[in-house]
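In the two assemblies presented below, chain A is common to both, partnered first by chain B and then by chain C.
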Partner chain A sequence: MRLTQGAFSYLPDLTDEQIEAQVNYCIDHGWAVNIEYTDDPHPRNTYWEMWGMPSFDLASARPVLDALQACRESFTNHYIRISASDSEKGWESLRLSFIAQRPAVEPGFQVVRSNGPGRQINYTTRSYATDQPPEQRYRDV
Partner chain B sequence: MEPTERSAEDRYKSGVMPYAQMGYWQPDYEPVDTDVIALFRITPQVGVDPVEAAAAVAGESSTATWTVVWTDRLTACESYRAKAYRVQPVPNRGDQWFAWIAYDLDLFEGGSIANLTASIIGNVFGFKPLKALRLEDMRIPVAYLKTFNGPPTGIVVERERLDKFGRPLLGATVKPKLGLSGRNYGRVVYEALRGGLDFTKDDENINSQSFMHWRDRFLYCMEAVNRAEAATGEVKGTYLNVTAGTMEEMYERAEFAKELGSVVIMIDLVIGYSAIQSLSNWSRRNDMILHLHRAGHGSYTRQRDHGISFRVIAKWMRMAGVDHIHAGTVVGKLEGDPLTIAGIYDTLREEVTPQRLEHGVFFEQPWASLNKVMPVASGGIHAGQMHQLLHYLGEDVVLQFGGGTIGHPDGIAAGATANRVALESMVMARNEGRDYYNEGPDILRDAAKTCGPLGRALETWGDVTFDYTSTDTPDFVATPTVS
Partner chain C sequence: MSDASGPTGPAAGPDNIDLASERAESGIDVYLAELDTSLIGLAPVKARIAEIASLLLVSRVRERLGLATTKPTLHMSFTGNPGTGKTTVAKTMAEVLHRLGYIRTSRLITVSRDDLVGEYIGHTAPKTKEVLKRAMGGVLFIDEAYYLYRAENERDYGQEAIEILLQVMEDNRDDLVVILAGYADRMEHFFSSNPGFRSRMAHHIEFPDYSDRELVAIGELMLREQNYRLSPAAEATFAEYVALRRRQPHFANARSVRNALDRAKLRQAERLVNSGVVSVEALSTIEREDILVSRVFDDNRPGS
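What follows is the complex of A and B.
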């Protein structure tokens, strides 16, 4: 499967040049830029691990691209996303989020059903990857 | 007409008296910050003085009746009287007048759209001396806004819950509107969501009919939602319409939607203002996004001379507290002048809606931290219009492609994918600083090179437009200022 979280997952994976353009868009709006990674891409796993602190007051995209490269080298087969935080009153939340790296193989999710009364079914979404302990979740192919 | 100074004895003598002389016309009145202000478009009957007509509107929407009553003297009637304080001709409409009317805050019960509207639109629209009457806009004082909870979720928290940032959301209304069984209905939901849409939607008249009982629909829809979440790893939703004949029945359906894990429920405008506020409170208690379909509004919002402008309905609904509201597409099949739609979208989404006469917005409206409402654009839109949709409607909007998803020649999931690819490619181009409005068709053609379904969508609908003149357009045009 292909995880389609983020703003651009239906397009071909972004090149570094395309990532730079998006980071510049965030900088032009005065947003702080975050890099996060995870091996648990469950749709409700809100808190991916932070790769360092968010970058505030950026003058160029270069520091973000360097940090992204370092993150990729440490986590060659994890999901990595870039997001942007807007501190403007009334927003104070993310304004953009997109995936900047994905594992070579994405095992996806299982729907677990438990039958209840009146034909009611309780659903659980289970990530196949998290069956394994963290260090064994994604293997290079 | 000048208001006449009268002795109390003269003023309260039994009989009839022009409204303007009863205290409802006060050209010197300076509205205060806590006043509710209404702007009406008045078409007086032939021979009726426009000032007297405005005073009559003020009177009939506040304390007056057709004749003098002495019981006024038992009250602080001067503060309870609404005051027409300005009347001016509508540009290029010889027989129509704009009237500004101020109402004291104490005339209205806090937190009640029903009470506000029972005054402002209660009796006065049938008043004989008027040929027609339209409520164009209102200024709601911050003091009154603070008695309303507003949208239970709002744009910011909705995006956080859905984990979707930086692009419009995508939806589709399940078609055909009527007749699908629960099982078939859920199929459409599953295909559309797994193909790339964020939401699917019940239509306004899908409640609990012989062909599909509501419980059946909810169960099959949630199977579809959960399957699509697993297939994509994204949060998905389907607006389960809980509209029913009674509040009790609506609460029962909403509770069932909650038990099944739905992130969103839906209601229709026709259930009434108090029912909307009740379900807003329920949604706030239960972390539910509340989608409002504006069923019925066209019967009183569309014509320029009589009824209520939709921007006023949008304002009331932000106060009543809905998270989504259908608010026009500009380019689709339903009524929607671009400037008028911009005024409505501003009303729903801004922290402070600026006065913009060229958008039909007569008053600056601070929103006192009431959450923002996500506008929904639905009706005759397709992937080939993506650059126009992003340009006119912006980023915080749900774009709903019903026919434009389900009618795709390669199937529903392909239709959904076409829409999502068109959207993402347009947002990416915009962020890269491209002139996406003018280069839009090229951007879509390029994206179609790696997405067959988008290519087929453009072949099928690329040239479809709905180019008719709008009936509800602003009365003022922007003119460049000389600096």
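What follows is the complex of A and C.
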């Protein structure tokens, strides 16, 4: 099941040129660009691991793409996303976030039902990938 | 700066490219013209900048037609005595390169040894990389670049900064322009001990010293920009001052002129305040005596 989180996630995966163009867009707006990765794609897992510090005050997307490449080499089968934060007063929040790499096989999510008192049913989702301990997720490829 | 639209040559058509309109579109002529008026003298430098602009224009058209595969390398070295306009030209260069689409922004980052070289082991690489990260997409101007290399200390961290710099200059050939600047003789020494740098520098631009007449013109331009002017008597004295100042130690071309004028403004203000009521005209006029008080005249004062 294809993970859809952040912008562009219903489109085909962005190529490096498209990622560069997006990062350039962020830079031109003065946003700080950040690279994050995770192997836990649960939608409520908002805090992914950071790859280095966010990049402030850039003039070119090139350093971000270099860092993205290094991150991909270290985590060949993780989710990697690029996010951009706007420090402008009134915004002071994330302005753009999109996935820049995804694992080759995405096992998807299970709907878990649990019985509450009085036959009430509670639903939750659980990623199949997180069945395995952190180092062993997405390793079958 | 030559006129791009010559009277002869084939007409523009599907097989012919109209470089003149290409040039007009980039708005480059405005900047070159501005450079021509705002920078006095420096004819060889201006010619070189115009050449680089033409090269980029042609290479942009070639790229569009699929004729060029790589962008030209544009790392440069600026050599010349202090105050000959190296930093000012670097600013204009950044603007020109940006206008012609070679770099993304017209950002110019000026650094010296302290900004690149760390203070302890393992400090240099992250420091240099951080600077390069910020400079990418613009121009990195390394002032007095020869301080990066210290021959007398083989464990100097400068060497590490040099290696990283060379690496990035090679990798990011089309996204970063590095300009090394400094005195001619010391740059020459720096290049001979770091041959890697010399071969990666596409352009070596020499900044000649200004002539006395040019320095006076520069001084007048500086004053005009601040709505000051020299009285006719002061003008002659100022020319004399420039000729004398040149023979003294620590002469730094346009920088010395600027400092001299700043001091003259100081004395003018003092004189005006002491005289009580003054005309509006006097507020922006620098008189002969404001310049004549200078120490430079001390040894040459008649009768002294």
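Operating definition for what follows: the second predicted complex is superposed on the first by the 137 of 141 C-alpha atoms of A that agree within 3 Å, B and C clash if a C-alpha of one lies under 4 Å from a C-alpha of the other, contacts with A are read in each partner's own complex, and residues count from 1 in each chain.
Keep in mind that, in the parts below, a residue touches a chain if its C-beta (ideal position, glycine included) is under 8 Å from a C-beta of that chain, and two chains touch if they have at least 3 such contacts.
As the structure is a prediction and not an experimental result, all values here were calculated from the model.
A.B. asks: Both complexes share chain A, so when I overlay them there, do chain B and chain C fit or clash?
C.D. replies: The answer is fit.
A.B. asks: Touching A:L58, do we find chain B (first), chain C (second), both, or neither?
C.D. replies: In the superposed model, A:L58 contacts chain C only, not chain B.
A.B. asks: On the A-aligned overlay, A:S83 touches which partner chain: chain B = first, chain C = second, or both, or neither?
C.D. replies: Touch partner of A:S83: chain B, not chain C.
A.B. asks: Name the contact category of A:L96: first (chain B only), second (chain C only), both, or neither.
C.D. replies: The first partner, chain B, only.
A.B. asks: Quick one: classify A:S114 as touching chain B (first), chain C (second), both or neither.
C.D. replies: neither
A.B. asks: In the overlay, work out which of chain B or chain C sits against more residues of chain A.
C.D. replies: Touching more residues of chain A than the other partner does is B.
A.B. asks: When the two structures are overlaid on chain A, which partner does A:L3 contact: first (chain B), second (chain C), both, or neither?
C.D. replies: first
A.B. asks: Regarding the shared-chain residue A:T15, is it in contact with chain B (first), chain C (second), both, or neither?
C.D. replies: In the superposition, A:T15 contacts neither chain B nor chain C.
A.B. asks: Considering only C-alpha centres, what angle arises at chain A between the directions to chain B and chain C, nearest 10 degrees?
C.D. replies: 90
A.B. asks: Closest pair of CA atoms, one in chain B and one in chain C, after superposing: how far apart in Å?
C.D. replies: Minimum C-alpha separation, chain B to chain C: 14 Å.
A.B. asks: Chain A residues touched by both chain B and chain C?
C.D. replies: Overlap of chain B and chain C footprints on chain A: empty.
A.B. asks: Per the contact definition, I'd like the list of chain B residues that touch chain A in the complex.
C.D. replies: Where chain B meets chain A, its residues are 156, 159-160, 163-167, 196, 215, 219, 222-223, 226-227, 229-235, 259-261, 351, 369, 372, 417, 420-421, 424-425, 427-428, 431-433, 447, 450-451.
A.B. asks: So in the complex, the part of chain A that touches chain C is made up of which residues?
C.D. replies: Going through chain A, the ones touching chain C are 24, 27, 55, 57-63.
A.B. asks: Using the touch rule from the top, collect the residues of chain C that touch chain A in their complex.
C.D. replies: Spelled out, the residues of chain C in touch with chain A are 103-105, 107, 132-138, 172, 175-176.
A.B. asks: Which bits of chain A are touching chain B when the two form their complex?
C.D. replies: 1-5, 7-12, 18, 21-22, 25, 41-44, 46, 83-84, 89-98, 108-111, 118-123, 125
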